[in-house]
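Dumping the structure here so I can ask a few things about it.
Should a chain be cited, it is by its letter among A, B and C, assigned in written order, with residues numbered from 1 in that chain.
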């Protein structure tokens, strides 16, 4: 019979093992970023030193204010926030509706149409670029974010729709049935029952859409013509010199672009990782 | 867990009364949804459309607005902004707006081509030269011959001959240089001295012998090196004038590098470097900035005895990345098998895309940028960029002359521009394929994946493919 | 009352819904359901018709022409497709992409799930670990490529430094013909934050008491994983696998950024399909040919996707009993 002290020793040992593994993987995954931040604080020659230099001597903190003032950094951030904000609304509204239709109602041809939707991901962007661009031009949408924003209100984010559909499918049909029996119409079921239960999934979608917009390069590159409206991803490119590369600045720019998301993720990750708590017959999440 | 009863809930008959209510609700909500979407979209469109073209333009009367897209950034961009400001000041009827198009992963051509296809391109675009042939052949860019009248009648004569050569397709002028490049051999004086090389080589044989002395390793890592034919876009094509291999065509007008003696000599010379570790050299080049499009490289870092490059290395790269090297390097004509000096004729060119709203004014702008009737201004800007201008009279401008005098190492670059051995590759519809194939061939030969003759055959095959 | 998922709802048993009242074809409840379903899905249908259909069919049309981007497109029938099959670079790039997909897809699935399992453990400070594990996938792509290449640089990099110190072979990673693709695979494994988070969300949705019951019944950790965890998260497994598939077959940006100096990598070992497509379209201005490449890729990957979806009926378990 294990004694209480040996049981707690085992628990302590188990906990140590867990932490050790986590720390080991953290080092592997986190090391390149650690390097990125360190490099951002070096001088240019130091960043190119062989053998590689670990610690900057001294810490060149002014890389950050210098880099940030070389380009209209905050303007770019604002543009990106606007881009992200609008598309998040569009995605939440349209993708949840479409996902509901593909999961909570059984109708003929549903699954085939769903696979068609997922299939639209399979054609490479550059292949359809010319006709796509010409089409947007004929709709008078080119020059600003319109080709990137409007489609999100029409279910263009297959990623979000697919993800929400998978989560919606995990909710027991009995909940919907009970509501239908009570006389609720489909939209009420959608908005009052399913959607609240999928809050974590929605939060996940919002986070991913935000990050997608934050880093989206190709889309804005093709459709936006006015430098004033560039998002951060394009604006940072202005820092990369044509003939000389200021590595510390590049890394500082990357750090500055990543830091807000790290903070955002850290404080919100509980919300969406919590998963779906399935109410009803005593199931806890 | 789960409700085990699984009731069927669509029992017909029970729903007849409720159905009309359901549909009423659903229909109302559907309409509301559609309305919200439409209203939202329209208002977004209005907002976006309103601001889409909003560029500050504080001019009054009918002014021609030109848009100029370039891929320049960093300090070069600041130079360009200076030029644009000056132009707008001195040309009240035209207003140029310059936009930087980030070209990470070289996607700027995709953007340009889309706008040309859609009929709404920028008025001027700074293009990378191998595309000019393809663009011209496909009718994507404007033939500028129609503008070479009046005060521009002498434009082509004003330019360096090679600038015209590099931009002509079937008798039409399709591009004007923003800056030309002149390629010569840099050498690191103290490093050469370390290996007992007192003066830079004057013959190819001497060069080969000298550079071979300078390779030292620490384990598998390169400590110092002599020379390596760059494969980062500076491959086979860039040495062709030194070997007489720039334009090798057969009687039928097809590319024929395979039978060209100069090309064979050149490819064999390149192959002689396959005894050096390709991966290590490429690794050094990449780490030092080629990935980001920069050109801080092994020579600038002081580790290489020789390098083939242009004036920007001495004018920008070295002062910014490695000031220690200032004053300790020299430049001389590359010792090829063809009489010296010579350089490949290429550079960065401005083109006018087809569909540009104001091509005549666009030409006015790009010829001004090149320095035509604008020598003293451009002559004051070029030194900062380390650029060779499009025409010789610009080099006579006082600031440019002062720059030349202050940097003796520059004396190697200019005479090459007017040398009879300086050539530009003939523009053809498959110029992009040719250039790509030449680079691939160089890389393959250096990695021993192809023999020199296989490489030449490959180049011919790719460049002669139907377009 | 607990229901044992393992016995009643085995993921391998075909799911049927008892129906005593559905007879005949499209009776009014079905028409109603069809109407409702289409209504909900209508935003996507509108977007599809407006923004996707024309470019998609235009691309297919162009694949049968000699379109150069601007100007007229002349019909040339199957010429592009015939030329494709005689094009060595087409075959190489197809092979490279296929190689990458076949290795990266299972590896990344296992790795992302493994990471998620680690992060699902009940330890203090998990928020910190989760953030650290997630960060690599949100660093701007260009920066993360550069950092990675730098670290693995045979001339400069830390990794080779450490290998040399440990007297292990120090390969040329991205610059060697043999190891270039595996280097890209490593890069892909590093940035698995997104699927990892989704697996984590799925894991958190598995009811705890299921594990407790199974443990009480004497099931081992592996049995619990195999018969509870996997089926319960199978919907997100399907999701992540399909998305990874899409990412793998369209692999472009990372290769383009890393090989700016030497497109295709050493030899042609890292010439990926979409890179070649891009070169044909926007460097050589052969848009008919590139459209043929695109359509070919589409057909192959659509087949793979349909097979995946079909097979999912057997291994994906949706708690609401619908497929």
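Everything that follows uses one rule, which is that a contact is a pair of C-beta atoms (placed from the backbone, for glycine too) under 8 Å apart; a residue touches a chain by one contact, two chains touch by 3 or more.
Source: prediction; values computed, not measured.
For subunit A, the chain with the farthest CA centroid is B.
Just count the C-beta contacts per chain pair and the biggest one is A-C. Computed centre separation for the pair subunit A/subunit B is 34 angstrom, with centres defined by C-alpha atoms.
Remark: subunit B and subunit C have CA centroids separated by 34 Å (rounded to whole angstrom).
Each chain gets one centre point, the mean of its Cα atoms, and the points for subunit A and subunit C are 16 Å apart. Shown for subunit A are the residues that touch two or more other chains, namely 48, 50, 94, 97, 126, 129-130, 153-154, 172-174, 186, 217-218, 250, 283. Contact with two or more other chains is made by residues 1-2, 6, 26, 37, 104, 107, 110, 113, 117, 221, 287, 292-293 of subunit B. Annotation for subunit C: residues 33, 36, 39, 43, 69, 142, 146, 150, 155-157, 207, 252-253, 278, 281-282, 319, 321 touch two or more other chains. For subunit A in complex with subunit B, the touching residues are 44-45, 48, 50, 86, 93-94, 97, 126, 129-130, 133-134, 136-138, 140-146, 149-150, 153-154, 172-174, 177, 180-181, 183, 185-188, 217-218, 221-222, 225-229, 234, 237-245, 247, 250, 280-283. The residues of subunit A lying in touch with subunit C in their complex are 15, 18-19, 21-22, 25-26, 29-33, 35-36, 48, 50-52, 94, 97-98, 100-103, 105-111, 113, 115, 117-132, 135, 151, 153-156, 159, 161-163, 166-167, 169-174, 186, 190, 200-201, 204, 208, 211, 214-215, 217-218, 233, 236, 250-251, 253-254, 257-258, 261-262, 265-266, 269-270, 272-278, 283-285. Residue ranges of subunit B in contact with subunit A, taken from their complex: 1-3, 5-7, 9, 18, 21-22, 25-26, 29, 33, 36-37, 40-41, 44-45, 48-49, 51-55, 67, 71-77, 99-104, 107-108, 110-111, 113-115, 117-120, 122, 221, 287-289, 292-296, 301, 312, 316-317, 320-322, 386. In the complex of the two chains, the subunit B residues touching subunit C come out as 1-2, 4, 6, 8, 10-12, 15, 19, 26, 30, 37, 104-107, 109-110, 113, 116-117, 131, 134-135, 138-140, 219-222, 231-233, 278-280, 282-287, 290-293, 354, 430, 432-433, 436, 439-440, 443-444, 447, 449, 467. The touching residues of subunit C, counted against subunit A in their complex, run 26, 30, 33-34, 36-41, 43-44, 46-48, 50-52, 54-56, 58-59, 62, 69, 115, 118-119, 121, 123, 127-136, 138-144, 146-148, 150-151, 155-158, 161, 190, 194, 197-198, 200-209, 235-236, 238-239, 242-243, 246, 249-250, 252-253, 274, 277-278, 281-282, 287, 290-291, 293-295, 297-298, 301-302, 305-306, 309, 318-323.
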